[in-house]
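Heads up, there are several structures right after this.
Presented sequentially are two complexes of chain A, the first with chain B as partner and the second with chain C.
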Partner chain A sequence: MSARQAAGGVALAIALTLPLFVKSPYILHIAIVTGIYMVLVQSLNIVLGYCGLLSLASPAFFGMGAYVATLLALKLGWDSGVTLALAAFAGIVTAVVIGFPSLRVSRHAFVIVTLAATLLLQLVALNWEDVTRGSLGLPDIPAPRFFGVAVTSRIAWYYFSAAAALGALAATWLLVSSRIGRAMVAVRDNEQLALACGIDAFRTRLFAFCFSAALGAIAGGIYAHFITYIDPGVFGFSVTETLLIMVILGGPGTLLGPLAGAVIFTALPEILRLAPEMRSLIYGVILLAVVLYHPRRVFA
Partner chain B sequence: MATDPVFLAQLAANGLSVGLGYALAAIGLALIFGIVGQVNFAHGELYMLGAFLLYWATQRLGLPYGAAGVLVVLAMGGVGALLAQIVIVPNLQRSFESVVLGTLAVGIILQNAVRLIFGATPLDVSSPFEQLSFDLGGVLVFGQRLLVGAAFVAAFAGLSALLRYTEMGRAMRATAQNPDACLMVGIDTRRVTRWTTALSAALIGLAAVVICPLFDLYPNMGTDVVIKSFAVVIIGGMGNVWGAALAGIALGLAESYAGGLGNATMRDAIAFVLMIAMLLARPHGLLGRTVRV
Partner chain C sequence: MTLLAVRELTKRYAGITALDAVSLEVREGSITGLIGPNGSGKSTLFDCVSGFQQRDAGTVSLGSRELGGLSPVEVTRAGVRRTFQQLKVFAALSVVDNLLVSAQAAPAYSALAEALHLPATRRHERRMRERAHQILDELRLAPHAGALAGALSYGQKKLVELGMALMSEPKILLLDEPVAGVNPALIAELREQLVRMPRRGVTLFIVEHNLKLVFDICDWIYVLDRGRLLAGGPPAEVAKDERLMQAYLGHG
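Let's look at the complex of A and B:
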């Protein structure tokens, strides 16, 4: 345990001082994206790792968060604290609309509806041109502003992204060490027994799904401000693919494993300079191999 | 204009022809779920593969449309049997999420392999039915759309006959009712799984052959099909082939009227709205709880 604490301390120290000795804007850019992915992996980890529920709706929350935060910032110019909170709220509403009807029916219905809903949201973003400008996308998204202070420089962005990642980690830790977090694990491990103990499996799953949606939407909002341009591609399936690889190979149902997954699978494609098609192809092969040869790895 | 009876009839004709396509694309998905209880997340990519095989057979091998179509349907049956052997059969005893992830992975592999081989430039397959159109009292009906309808009727009749009158069909229905009892009376459920998946892939191959000349071919074209197929399967009642057929036609009509009398956003949103409304009002779909295959 102490060795792991030391390793964790070293990792944290490196993370906090990285901009002091790394000046390359390229590497800082990747580090900032990694921070956003660290929020996203916890979002999937809560549902898949801790609650044992396969959700393919990550891009739905990511995209909703990106569009809500962007539209509020562009049209109303509100403080980013408010817009990100409203983005999280939009994510939760989406999760309720998807999760409430489908979780009542079956896990089969849930996984189908998460995918179908995500793809339909992308279609709506593409064709609701009055609001989203369709495939032209929304450019010139301003820098996030908190109480009048804007996050503009790359180093400020680095710490903002690191704070978001730490915040997501803390939120996940608080959730999984709470009563409802233990209920999630109970539902995952033995639904019948959990029900017999008086745990409402439906409400527990819906809560986990909403919590994960809020994290995913906040990550989407931050991403939109960072890239300064979004189009319906933010609802794209590739986010799900990458997150599944990060969480499943990192270790679902653990706090730090998916974070390692996020670091490795953001850095590796950059180091290997893989074309996106090749990267997706390799992710597909890895996913298939895990399912066929290490099926126990998928669900903690 | 909006209440012009000819316009409304045209919307009905469009909706019906689109809906028959949805129904044809979705029955394979409903079939696997109804019989084996598994969800095939590579369904859309199988459609895409069928379309690219058709392109390859007609453009590269120079086969006529009809012969190429037959070849594609047979080849897709083989692909389905392979998919069952590699992904579905080994995971039959595990939680259904294993098959979901496994087929999802196969879908990702297929999509990106096709993108690497054929590139992302949209391709086109031509069909001799494309130029045909008929004017029925002001309502235009297109030849390729009629072919889609004919293919649906033939596939549905063939499937019903197969399930009712053949040995394998009876084994499939038995597996749908009670897989454990099947083992006791000597029905090999793994063999049933292979045949069911092959049949489902052949059906989506047929859907690709008749539908893809209407659209461009590109590597993630399967996504458009899978959205509607999943919505149709939920609306029709999961695993219910009759329900899927009805729901497909209903969705096509609803989209046609929403798009014709409203706008494109309403047309795209209606599948989502119907899916959620159906889960809330009738969680087991249009035709209720019974699994009818």
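Let's look at the complex of A and C:
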């Protein structure tokens, strides 16, 4: 067993037994949020790390998933298995709408379209008041329910969030270890050569983008149920900012690196208890430092 | 029998005629060479055949199939594989993954089935892996199978490029300067691999500046100069052609 495997085993053991020796609701709360971020970082990692595409649409999928899961739960009271699946589907549709026109054009067009689409969705959430109640937001989101069993206690939430993080890791591993995963890296590495190998670069990227969107939307749905209230702020740019720093510092295009990034950058601000303005500033400085001194980590 | 037929192929770039009504044929099972001075349009011809550039006029066909207007991916899937003048491998992938990526084209696959690692997918993957290792054995690259392609020497990368091309089982392989920048020992090695290709069912169409190699291994040679086809014939005949010398030594 290598040192890395040993470290992974210890991390997993700690993760699985955490609620047994940590009773503080505050720390468990942060751990649950970390689990949700672990789903989100894999979503961005697939696109940024394995495809080498800068996507600013993380909040679009996150917010879409949050609103779809919330509205279905509030208005129809459906089982959360169904509502989260439909949230994922809504994420995929959003990804197709964004990716189909922009992924054909250029990587730059893609960046701009992902940003524009996110801003547009936030505007819709703000102004479609009949459905979203605009800036008032949607309160009293019920606990998620699977086959009649509700996730209510903090410990249940902890394991639910951990299961989501593990599920996202497994899904990402299945994707990147498959032929599609190899094709994604090939297209990132050298698009011309990939074309000469018969790899359809556009379809490969679009599939990866949809896969990533489904993960992001599921994370959004889980987040909404956990916080029990959402407003158009879920489409905010801060999600992108936080995720970029987690993935880029963790190690884009690796399976476990971004997870470490997620742990560090949800725990760090809490430990430092910084004002949000300071946090953005420090994140910015760290990101700049990495880009300046380790630029290969950004687009390896 | 003619495998690849190029008829009246013309390509212009903003006033410059890179290819001027070029017609040529590559016979199935042959090693056909395309020579000419720098800027004579050799790579442009490869670009037009492989779909990386759209032609302005003329036709390109593989057997009975018209290739004009197809995208690079479609041309590759039709059985025409190309390499690039500037050596390209996937640096971030291992050598064996470079080969596996090249087997991507066939058969058409369902992305979801792949991501789910269904049994049929895994069987196919195993078969491809076996074939990749077999090709690496033949190219004497087996010890480097797990190494990142980017970490290999230039000459080894050339062999990887050849292995990738073999992996995709093309009907015809367009090689753009297969021995450029390679040391004499490796040229001998590459030569040995190239002359075996027709026996593996792969027809070769080669652009190369190393004339010694071209005249040595080719069954048929075409000479291109300033976008026009000057001559074409068996090596012995082309070697005697004065226009060849003229093209290379300049136009006085």
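Going forward, the second predicted complex is superposed on the first by the 299 of 300 C-alpha atoms of A that agree within 3 Å, B and C clash if a C-alpha of one lies under 4 Å from a C-alpha of the other, contacts with A are read in each partner's own complex, and residues count from 1 in each chain.
Rule of thumb we're sticking to: contacts are C-beta pairs under 8 Å (C-beta built on N, C-alpha and C of every residue); 3 or more make two chains touch, one makes a residue touch a chain.
Keep in mind the model is a prediction, meaning the values are calculated, not measured.
Superposition model on chain A: chain B and chain C are shown accommodated side by side without a clash. Of the two partner chains, chain C is the only one that A:Ile180 touches; chain B does not reach it. Contact with neither chain B nor chain C is seen for A:Ile227 once the two complexes are overlaid on the shared chain. By the touch criterion defined above, A:Ile112 lies against chain B but remains apart from chain C after alignment on the C-alpha atoms of chain A.
By the touch criterion stated above, A:Ala150 is placed in contact with neither chain B nor chain C. One of chain B and chain C touches more residues of chain A, and that partner is B.
Touch criterion met: A:Val124 reaches chain B, while chain C stays clear of it. Between chain B and chain C, an angle of 80 degrees opens at the CA centre of chain A in the superposed model, to the nearest 10.
Applying the stated contact rule after C-alpha superposition, one finds that A:Leu195 touches chain C and leaves chain B untouched. Put simply, chain B and chain C get as close as 13 Å, counting only Cα atoms, in the superposed view.
The interface of chain A with chain B does not overlap its interface with chain C at any residue.
Those residues of chain A that touch chain B in the complex are listed here as 54, 56, 97-98, 101-102, 104-109, 111-113, 115-117, 119-121, 123-124, 126-128, 237, 241, 244, 277-278, 280-281, 283-285, 287-288, 290-292, 295, 298-299. Within the complex formed with chain C, the residues of chain A that make contact are 174-175, 177-180, 182-183, 185-186, 188-190, 192-201, 203, 207, 211, 253, 300. Residues 33, 39, 41, 86-87, 90-91, 94-98, 100-102, 104-109, 111-113, 115-116, 223, 226-227, 230-231, 233-234, 238, 264-265, 267-269, 271-272, 275-276, 279-280, 283-284 of chain B are the ones touching chain A in the complex.
Those residues of chain C that touch chain A in the complex are listed here as 50, 52, 71-73, 76-77, 81-84, 88-93, 97, 100-102, 104-106, 109, 111, 114-117, 121, 125, 164, 168.
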